[in-house]
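One chain, chain A, links the two complexes that follow: it is found with chain B in the first and with chain C in the second.
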Partner chain A sequence: MRIKLKSNIAVSDNGFVFDPATGDSYSVNPIGVDIIRWMKTYDTEAEVINQIIETYDIDSKTVEKDLYDFLNLLQNYQLAENA
Partner chain B sequence: MKKQLTIAVSGLNNTDNPGPGIPVIRALKDWKGIDVRIIGISYDHLEPGLYMHDLVDKSYSVPFPSEGADNLLLRLEYIHEQEQLDFIFPNFDAELFTFIKLAPRLEAMGIKTYLPELEQFEERQKYRLYEYGEKYGLNVPKSTTIHSISEVPEVLKQFEFPVVVKGKFYDAYIAYNQEQVYSYFHKIQAKWGLPIILQQFVYGNEYNVTALGDGKGNTIGAVPMRKKFITDKGKAWAGVTLDEPALIDMTKKLISASKWRGGMEIELIKDKNNKLFLVEINPRFPAWVYLPVAAGQNMPAAAVKLAFGENVNAFTTYDVGKLFVRYSFDNIVDLSDFQKISTIGEL
Partner chain C sequence: MVMEKLRYERPVITTLNAGVTNKFGTKSLHAPVSTIDGVSVKEIIAKYGSPVFIISERKIRQTYREAYRAFATRYPKVQFAWSYKTNYINAVCNVFHQEGAWAEVVSIFEYQKALKNGVEGKNILFNGPEKTDDDLKTAIQHGSVIHIDHLDELYQIIELSDTLKVRPRVAIRVNMDTGIYPMWDRFGFNYESGQAWDAINKIMLTDKMDLVGLHCHIGTFMLSANAYAIAANKLADLALGIIQKHKKTLEYLDLGGGFASKNTLKGSFLPGTDVIPSFDDYAEAICSTLLNAGFTRENLPLLILETGRALIDEAGYLAASVIANKRLSDGRRAIVMDAGVNILFTSFWYDHRISPVEQAGSQTENTVIYGPLCMNIDILRESVTLPLLKKGDHVVIHTVGAYNMTQWMQFIAMRPNVILIDEKGQTHIIRNRETVEDLNKMEEMPEHLKSFKLS
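Right, the complex of A and B next:
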């Protein structure tokens, strides 16, 4: 994966994301929770995209666009970094 | 070490600009296996801690250190006669110099302290911090001390706006132009006197670390925190413990190089390039010291143990993501209590 979630980022079932290095916390929706967890599980963006398509009724083009938007957001908040 | 200790604690002003006294007392009361009797020492009859009888067993008024060390010592001798003190925990910046000077005489009376040495205390003063950073290889934002307002225009040539205008002991304001520097200079001078410190402002997030050094270069405890809610006085009203090794590393480097003895709080700023700057060293535990205690590092108790020559192992872990959230509380006080402390100086 080109963009990696920082290893110590924690996410709870109800979408509370905590960055223990800065003390900042965020809220994500259920799809955000899934993506953050899959980012920890899978090695490539393609695998995450496939998993989203399998789980949600959505086309790959939309997923790809939205995923990269989300990853950029994670990077802006310093929750993820370039691998 | 005795199983019962009588410990005098100052800094009982648990207001919106809280002193560390009450959190230090809570830490000492949490000390398992040791029964601690707390003697409050106070400079003002309305310090809230005086009236917190569940935490403070007995209180005495003491003269301000500015009235002379001998006056303070006389009063402490009286309190010692009444209470047989084992240890004194001074918690105000403004009294530490006097207590450091009095420490050998207190020790001779049988009262222990655990304070930095005078040179350790002096060299980290705000107006010497830039040189301190150079001496110990720590990043400190450029700063200059000024003793007269006429120096401002010339000194400002070394800085870019914004700059931080700081008092010798307390207060700091961010100035975005020369007029604001003048205004804050007068404001701080009127309250805290001279000198005034001008420091280059560093954009970034602020972090704080509570730590304890053993005087031999070892860090006994260190817990970093990020303020989550700040009052209009700039005080933390809520904060959370962090897992950020760079903050601990810088703390250990500082304690190792300076051989710091006692409690301390360091304030750091991380800029957008993740470079850490040391912006302040407070030579005592901060008002949020109970957060590290709740997270697993009872540093006030460890400081007392060290003072008694006990072997204290360095803390190695703490809970990350532990929060403190302050609150205010109207403690109802009988006039007779206020009368006692006001007239006879004891409660």
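Right, the complex of A and C next:
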């Protein structure tokens, strides 16, 4: 993975994200929770994309675009950093 | 066992903002609108293309009857005149004419449209500041009432009347202070300064034309019904003055239009549906004022109303498609739609309600909605909370029936099909989409510019 979630970020199973460094909280939709979980498990974005396609009814092109956007947002909110 | 895959929704993370609860908080409207009058929006797009304007005949008739009832139950003589400039697609005009509305036009082009639609001259009211000699002659010969806007027009008609066999039928447009800002004093003769009364006396004393009514139109998107009570009072005062001084009873008082539709004006704190007066509010203000003004049963004038926006806005929808999703530099989500401000002029004034057509998840994102034009101003909504739409998804933009199909521009993109859903749920094209040929046929190429060579 090109980025990884910062180690101090807390993510609950139902999508509540808390950043103890800033006190900011966020809400992630269920697929976002899955992606954050898979980011920890898998080494590459391709593997995460595969997991999404296996779990959700969607094509790889759409997933690629959406994952790119989602990872950028995580970085934007400073929840993730370069791996 | 093969596990069924889950329904996909784009991953999204949104910041949670804690704040003081707001008692004015309104629920976000994300319920999909997949049908209009029972007809599938996706099928309409498949058949007529995207974007496409959709007009509901049922809604027009329903709204018209509601408005008419509000006035007719309070006042014995009521006549509506359809404001052509609001939407002059012929099929739309004819729905109003079938309901009994006359035509109210503000140019010779609209006048000709009304005639061609089958409206008799006597049922056309000719408003507006620009009327040429030929325009006036046409209107006079057809027996229409000319609403005089300025003194130059009054003298123009006096001169013309000597050359015509028909005696012109006229009304004057009166502007007045009704407590509304801005005061529309650029149209007509002012009440407070005595201009209107002077014009009336001039008409009566020259005896070249018949003064049959008085007209006013105090503003647009009026959020105060009381302003109409003031307007009705001032028009009634002039009409009663004419009875007293000139022993002449006018046929009608025309209170114009300007009633608000259920749209939300930009910058409005509350949604339009919460703040706009109802037809009953406007009717009560106008009718009770006229009934109490001092007219006798015999000289009570016909009440004419020219409201356009409030009658047609809700009957119009624009169905469009998502072309692309974007993330702006500040993290905001943006969507590019295939419908832009060139066909949705009213997006400069209103925060139009936008609904997804397809069932979407419960997650939402604050989104900017752009049109397809390569122009920075092409923004349909600066900020709207929408479910996570993807390329190819469709949306319905609500309450677009007024002014868009007249003020739209052929700019960068062509104007799309306009269809009507009749009361039986059948769809009809009422205006064809433009083509390059339509535009090119109006152009001419000088001989010396016909050829060129490029390397």
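We adopt the following convention: the second predicted complex is superposed on the first by the 83 of 83 C-alpha atoms of A that agree within 3 Å, B and C clash if a C-alpha of one lies under 4 Å from a C-alpha of the other, contacts with A are read in each partner's own complex, and residues count from 1 in each chain.
Here is the rule we use: a residue touches a chain if its C-beta (ideal position, glycine included) is under 8 Å from a C-beta of that chain, and two chains touch if they have at least 3 such contacts.
Owing to the predicted nature of the structure, the values given are computational and were not obtained by experimental measurement.
A.B. asks: Mind checking chain B and chain C on superposed chain A, clash or fit?
C.D. replies: They fit side by side.
A.B. asks: Using centres of C-alpha atoms, tell me the angle at chain A that chain B and chain C span after the overlay, to the nearest 10°.
C.D. replies: Apex at chain A; the opening toward chain B and chain C is 90 degrees.
A.B. asks: Answer with first, second, both or neither: which of chain B and chain C does A:Y42 touch in the superposed model?
C.D. replies: Touch partners of A:Y42: none, neither chain B nor chain C.
A.B. asks: Looking at A:A21, would you say it contacts chain B, chain C, both, or neither? Reply first, second, both or neither.
C.D. replies: first
A.B. asks: Per the contact definition in the header, classify A:Y56: touching chain B only (first), chain C only (second), both, or neither.
C.D. replies: second
A.B. asks: After the superposition on A, what does A:N8 contact: first (chain B), second (chain C), both or neither?
C.D. replies: first
A.B. asks: Can you tell me whether chain B or chain C touches more residues on chain A?
C.D. replies: C
A.B. asks: Report, in whole Å, the shortest distance between any C-alpha atom of chain B and any C-alpha atom of chain C after the two complexes are superposed.
C.D. replies: Least C-alpha distance after superposition: 8 Å.
A.B. asks: Mind sorting out which residues of chain A both chain B and chain C touch, each in its own complex?
C.D. replies: Common interface on chain A, chain B vs chain C: 24.
A.B. asks: Once bound in the complex, which stretches of chain B touch chain A?
C.D. replies: 205, 225-226, 228, 239-240, 242-244, 320-321
A.B. asks: Can you check the complex and tell me which residues of chain A touch chain C?
C.D. replies: Spelled out, the residues of chain A in touch with chain C are 17, 24-32, 35, 54-58, 62, 65-67, 69-70, 72-74, 76-77, 79.
A.B. asks: Using the touch rule from the top, collect the residues of chain A that touch chain B in their complex.
C.D. replies: Those in contact with chain B are residues 8, 10, 18, 20-24.
A.B. asks: So in the complex, which bits of chain C are touching chain A?
C.D. replies: For this pair, the touching residues of chain C are 5-16, 325, 327, 331, 361, 363, 388, 390-391.
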